[in-house]
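Going in written order, the chains are labelled A, B, C, D and E, and every chain counts its residues from 1.
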Amino acid sequence: MFEFLNQPEVIKTIVTLGAMSLFFVGLFGLLTRKHIVKVFISIAIMESAIFLLFIGLSFNREKVAPIIDATQTQVATMNDPIPQAMILTAIVIGMAVLALGVSFAIEYYKLTGKTEIDTMNEMRF
Amino acid sequence: MSSTLFIALPLLFGFATPLLSRLGKNALAYTSVLMQLSLLGLALSLLLAHSSTTVELISIAAPLGISFVLSTASLLMVLLFTLLMTLFSLYYLFQRRANAYANESKFFTLLNMLLAASIGLVLSSDIFNIYVFFEIAGISAYILSAYSKTALALESGLKYLLTGAVASIFLLFAIVLIYLHVGSLNLAVIAEQFQLLPYNVKLLISLLLLIGFGFKVEVFPLNFWVTDVYQGSTSLVNALFSGIVVKAYLFVFFHILYLFLPQGEFTLFLLYLGGVSMLVAEVAGLRQTNLKRLFAYSSLGQVALIFVAFAMQNIQAVQAAFFIVIAHSLAKFMLFLALASLEKTEQNMHIDRLKQIDSPFLMVMMFLAMLSLLGIPLFVGFVGKFLLLKSLAVEGMLTLLVMVVVASFIEAIYYFKLMGYMLHKGTRSEKVEVSLGEKMIFVSLGLSLLLLGVFPMSIAGFLQNAAEVLLDQTAYITLLVGG
Amino acid sequence: MEFSLYGLSDIVLSLKVTALANFFALLIVLSTLTVLFIAPNYRLKRSFYLLFTLLVASLFLIVYAHDYLLFFIGWEVMSISTYFLLSFTLSKEALHKYILFAMASALSLFVAILLLYSTQHSFLYEDAKQSYLAMSDGVQQLFTLFMLIAIFIKLGTIGFHYWLVDAYEESHNLFTPFLSAMLSKMGLYALILFVANITQATYVLAVMGLLTTIIATFKAIEQESIKRLLAYSSIAQLGYIVTVLSVADGMGGALYHALIHTLVKLLLFINIAGVIYVTQKEKLSDLGGLIYKLPQSFVFLLIGIIVLAGMPPLGGFASKFMIYTALLDAKYLLLLAGVMFSSASAFIYVYKLIYGIYLGHPTHKNLEEVKEVPWTFLAPQYLLASLLVIIGTFPGLVIPYINRILGELNLTLLSFETIQTLITSYAQYNGFVVMGAFGGIFVLVLMMFMLLRSKAKKPKNRFDIAYCAEEPNEATHLHYGYSMGQELKRVGLIHLIAKNSSKYFYDFLAKQMQYFSEVVRKIYSGNLLLNFNIAVLFLIILLLWSLK
Amino acid sequence: MNIKRDIPTATLSGFALSAVLVLTLITILLQYLPLSQQRVGDALLVLNEKEGVANVVTTVVVYFRGFDTLGEIAVLFIASLGVGLMLQPNTECRLKAESNFMLQTASTLLFPLILLFGIYVMVYGHLSPGGGFQGGVIIASGVLLLLISHKNFEVPHTVIVAFETVAGVSYVLIGFMGLLLLDTFLGNFIPHDIANMGMLLSGGVIPLIYIIVGIKVGSEMSGIVQNLMQRSDDV
Amino acid sequence: MTGFIILATFVGIVIVAFASVVQKRLADSVVFLMGVGLGNVVLFFLFKAPDVALTEAVIGAGIGTFIFLIALKHLGEQA
């Protein structure tokens, strides 16, 4: 009953709208939330929105995953592997930055007791 | 000789640090310096033997895979970075006995990773590879910023990290759109196809790139975090930030810009953006009393000046930009190293402290650096500023010319205020120890400021060549894509 | 001699020996030598001499440069080396004031020469006129504005003199003569180049010059400090030159006056440097009655003030004479009246100067042990005074040289017959005769004075005041030089002039700038939320603005 | 309900800003949807045939875009270093609540399985979905499980360092070998026959690198996790 | 059917993400974020990217959540 949703254009529209809505949520969080964990969460959401957008817009429903096995040997019917490789890299990098940020935040909290980014003003400027 | 060595060697060194630190702390420090020296020697030998642009492939041929392009322009930046990093390591080595960092092996790892990433940014011809190096440079800089683990340092590291993360999201967004619309990640292929894209997509990608890099190249509405980072980090590390990191980002931003938009569609906008950044930063620095923060404002101003020069997008201006890059890197490096010498004894960085310092040597060196930053003739800073203003005048951009000059004047106000503090007559109680090795580094930096200022023609030809290469979009495309 | 720099073929730099350059180079050599004469009296660091050498080198670069880029480089190096030379004695505020004005001058000069470059792509003096003519009207005005700001700051023209007086007053006594004699002349040199090569901004120069002479003269009258007084006098004297440069044939008079002013300011500043050296006092009210202790110095100061006031027998009259006739020739009668008025008013401050130092009654006890200044101070004064006397006697002596400069600049030459006479279109005067007449009268008066003096009663001590009924003590100000000239402030107009309005203006400017800075600084408070919000706003604005 | 009173202005403005931006983005993106396009990936799929690796993503990650992966490893390495620097283990006071017996036993039993699974994902990375990253992280999560459940469990610091150093150094050295033998950094210098595609020993240098990556990622991640855990002990 | 599942998952993810951002309790936020990660895994799988799906599963929903939970343990649980 939802066959019309399977047309490539429609899927791409869905992906665009969905990923951008996710991006909106993340951006909204980034611009308004103050707690440092919330900020990191927002950043993670924004990142995953970009990942979804990329993979979603570059894949083709007719084609298969880019893995050659006994049943799939035709490279012409495979999806583009580059976005996948890129996103693989980007996910790991994002996680690394996140872990580092959390460790900064923990140490900072230990020293000053602050968790809200708008109150982080130790500098006397 | 392979240009990959510039990236792979520091990376290898970074990975092998735990192994080397088993051999003893000194062994690690000396091998690190040795490695950087050999890179410097490699860069110099390339400079002497250099004839044309070379492409270094990774795994597969150029448009498909990653490749490193070593042209005159990128060689210039590589040379600058390795030179500064070597000097930095030497300086650290000389002051190490009295003032070693905790966890030294990690410090050396970070330095070499930073070097590898900055060189990678400059050399790479693949936009996603640039993103990866963007992240490596960023993440090492965050840790270096927070290295001392005081509340200030952690705050600056955290702020640096958050802005960096947001910047990388925008950059990644741009890269994603580029790949979706162009179908390639190679800069040359994108450059070829970029003009054919619909206007709105082109605009969106350009703006996302501007925001992504804008955070890192510290242009006006995106640079509010910079001063905090400079104030919180140690002066030693600040020398790297303003000497190497920003320059790498600036270079790669304009490298991409020249490739994607060779006609200069947004030139006027970028020029005024730079002009406004410069004015705002200098005005904001006027009443600053913390030395590190003050120099941060000055860095913002100078970086905006370089931004203006690059944004002009013609050979004379880009040549001027290279002059300013060299001048600013050397001079700011010197100033921050001098601050680091002061920081050894006391953390307090209020400008009143300059009245107390009893070290004529440091004073003279700071004078040299400041005069060069202000663009006083006989220093290399003047050459850059002059060439830039000349090309602004020739292009008839008088408003911008006056803006730059006004900003220079405001900068002069606070730099001469500092000099007034240093010339203050009165008892000077605070002795600052500067060892012979440190002195040699200061003197060599100061002399290079003077010599390049008096004999700018010695490098002008090279810089002009670099500017031509950087601006030549077609040659780049031909080189990588062929025909 | 032409050569190119920066590895760029499009920048041609050139050094050239011209008569004008030689004239100023001669002044530089003269000033340097005389100043170095008194140097052994002071213990100075080696760095002082190093910087001084740099300064002199930059002055030579300025005068021998034949293009505006080298000129600018010399100008900037001059400003900076002067800054470090002044830093030996100046207070922090005065030093900061000096360098800000110097930088403003240098940067506006920079803008001006770049505007010049923008049309014809040449910095050479020969092309300057063409470049100027090729500009649009607005740019022409902008260029003139920046050029004149640069020059006026160096000259200390009124409104731009805020830095100058403090710098002169607090500078080292060794350096002040040079500052007044040479550095301000570089502004004059720039002005001459501007007027001769590019355009004669008649009204601006006339108005600014006249205002400068009048205001600076009255400011000089109310000063207590000797060096401040001379600083204002310096400003006023340069004002004459600016005024006369506004008329067509004023160049000869301007050059003549520049020469005379250099000589006399060297003489005066060295003279008072000697006085300060032996007495350690810098205020007029602290000095007095030194005529008996320092007779030779007195004579030199007398010669100096005669020249300064432009009184007949000496060289000062010759240059003033030329200035007056040039103004008369151009039918600028109001200007002439103004210049004459201020010239006449100058008598008051020169009188105050000589009275305050050498005449009257000394207030301070320790002035009684003062001896004549060392010969190192006297020797250059002998030289300078004799030069002034010679020029006074033979006012035509320098005319051929000035004519050579004028010929080079394609201006009408001054008429020249013999070296004793100075001929202008309205009058001529024979310096030899005048000198003879005045000299005779002077000798007569001196002889009478000598005869009468031997009979006069000599005071026993400094409290022995014959015409005073009361009994003075240590606290009493015995010297009339104390607050002399202050009464002039009761005249409404003079009060208005003396009100330090430029100080208020610049203070106001600085304060506004600081408030502005405070406001701008707020955004750099390191609030990341603000940063991100603004970044997104920025992106939205750009997107919506340029979206199709 | 009064919106102005209940929701702060900053939230409203942030909402408005992000909404406007995202709406503009959506407009542009939908206006020009990239539908079918000739991409580099297609060329790489063809090229992959030469390398004889079944999982094309692996080839791209490890080989065609090998330098990205090297950089990514570097990022992870630096991050782990940074976390270690920030949260230096405080060995003196360790107050970890003893977890219950069930959890302990289960995790002890589960750990070898997780380890095995991780190694499998790692080793078969060039044949099936998965690979070094995923395998490494799986191993690290096994370590995490042990850290949570066992009070005194700790992977010796030297072991982690040894693994990550050896892996990192050998990665770059393999790159240099390629440079030396084939004149391109990270060149595939081990013989790789297409005929072997789908076999465990195929693809030449590619599985080797992916295993190295796996070891590296596994040790880095374990290091990060352990540092975070240990710091949490002294709360 | 793929299209519909994608649509539904997207709707779910956005709702969960929004909940995660506006939640007062941080622990809830983190759990919701894990939900987003799981949704991502499903989507990546549907997008024929099993490698990415696996990575997202172990990193985004696994280690990532752990890191956030550790952060919460230190920084307190209330936003």
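We adopt the following convention: a residue touches a chain if its C-beta (ideal position, glycine included) is under 8 Å from a C-beta of that chain, and two chains touch if they have at least 3 such contacts.
Owing to the predicted nature of the structure, the values given are computational and were not obtained by experimental measurement.
A.B. asks: In this assembly, which chains make contact with subunit D and also with subunit E?
C.D. replies: The common neighbours are A.
A.B. asks: Fewest touch steps from subunit A to subunit B?
C.D. replies: Graph distance in the chain contact network comes out at 1.
A.B. asks: Central chain, going by Cα centroids?
C.D. replies: The chain sitting closest to the overall C-alpha centre is B.
A.B. asks: When the contacting C-beta pairs are counted for A-D and for C-D, which pair yields the higher total?
C.D. replies: Looking at A-D and C-D side by side, A-D shows more C-beta contacts.
A.B. asks: Quick one: subunit B and subunit E, Cα centre-to-centre, how many Å?
C.D. replies: Distance between chain centres: 38 Å.
A.B. asks: Return the distance between the CA-based centres of subunit B and subunit C, expressed in whole Å.
C.D. replies: 45
A.B. asks: So how far apart, in whole Å, are subunit B and subunit D when each is placed at the average of its C-alpha atoms?
C.D. replies: Taking the mean C-alpha position of each chain, the two centres sit 30 Å apart.
A.B. asks: Rounded to a whole Å, what is the gap between the Cα centroids of subunit A and subunit E?
C.D. replies: Chain centroid spacing, subunit A to subunit E, equals 10 Å.
A.B. asks: Mind pulling the subunit D residues that touch 2 or more other chains?
C.D. replies: 10, 13-14, 17-18, 21, 25, 28, 34, 39-41, 44, 55, 57, 64-65, 68, 72, 75, 78-79, 82, 86, 129, 133, 228, 231
A.B. asks: What are the residue numbers in subunit C that touch two or more other chains?
C.D. replies: Where subunit C meets two or more other chains at a single residue, that happens at 521, 524-529, 532-533, 536-537, 539, 543, 547.
A.B. asks: For subunit E, what residues touch not just one other chain but two or more?
C.D. replies: 49-51, 55, 59, 63, 67, 70, 74
A.B. asks: Please give all chain pairs that are in touch with each other.
C.D. replies: Pairs of chains that touch one another: A-B, A-C, A-D, A-E, B-C, B-D, C-D, D-E.
A.B. asks: For subunit C, which residues are in contact with subunit B within the complex?
C.D. replies: 5-8, 11, 69, 72-73, 76-77, 80, 83, 87, 92, 95-96, 99-100, 103-104, 107-108, 110-111, 114-115, 117-118, 121, 139, 142, 513-514, 516-518, 520-521, 523-528, 530-532, 534-535, 537-539, 542-543, 546-548
A.B. asks: Can you list the subunit C residues touching subunit D in their complex?
C.D. replies: Interface residues on subunit C, with respect to subunit D: 529, 533, 536-537, 539-540, 543-544, 547.
A.B. asks: For the complex, which residues does subunit B have touching subunit D?
C.D. replies: Subunit B residues touching subunit D: 2, 4, 8, 11-12, 14-19, 56-60, 63-66, 103, 106, 109-110, 113, 116-117, 120, 126, 128-129, 132-133, 135-136, 139-140, 142-143, 146-147, 149, 179-181, 183-186, 189, 198, 200-201, 204.
A.B. asks: Hey, which residues of subunit A end up touching subunit C in the complex?
C.D. replies: Spelled out, the residues of subunit A in touch with subunit C are 27, 30-32, 34, 117-118, 120-121, 123, 125.
A.B. asks: In their shared complex, at which residues does subunit D touch subunit B?
C.D. replies: 25, 28, 31-32, 34, 37-41, 43-44, 47, 63-68, 70-72, 74-75, 77-79, 81-82, 84-86, 161-162, 164-165, 168-169, 171-173, 175-176, 178-179, 184-188
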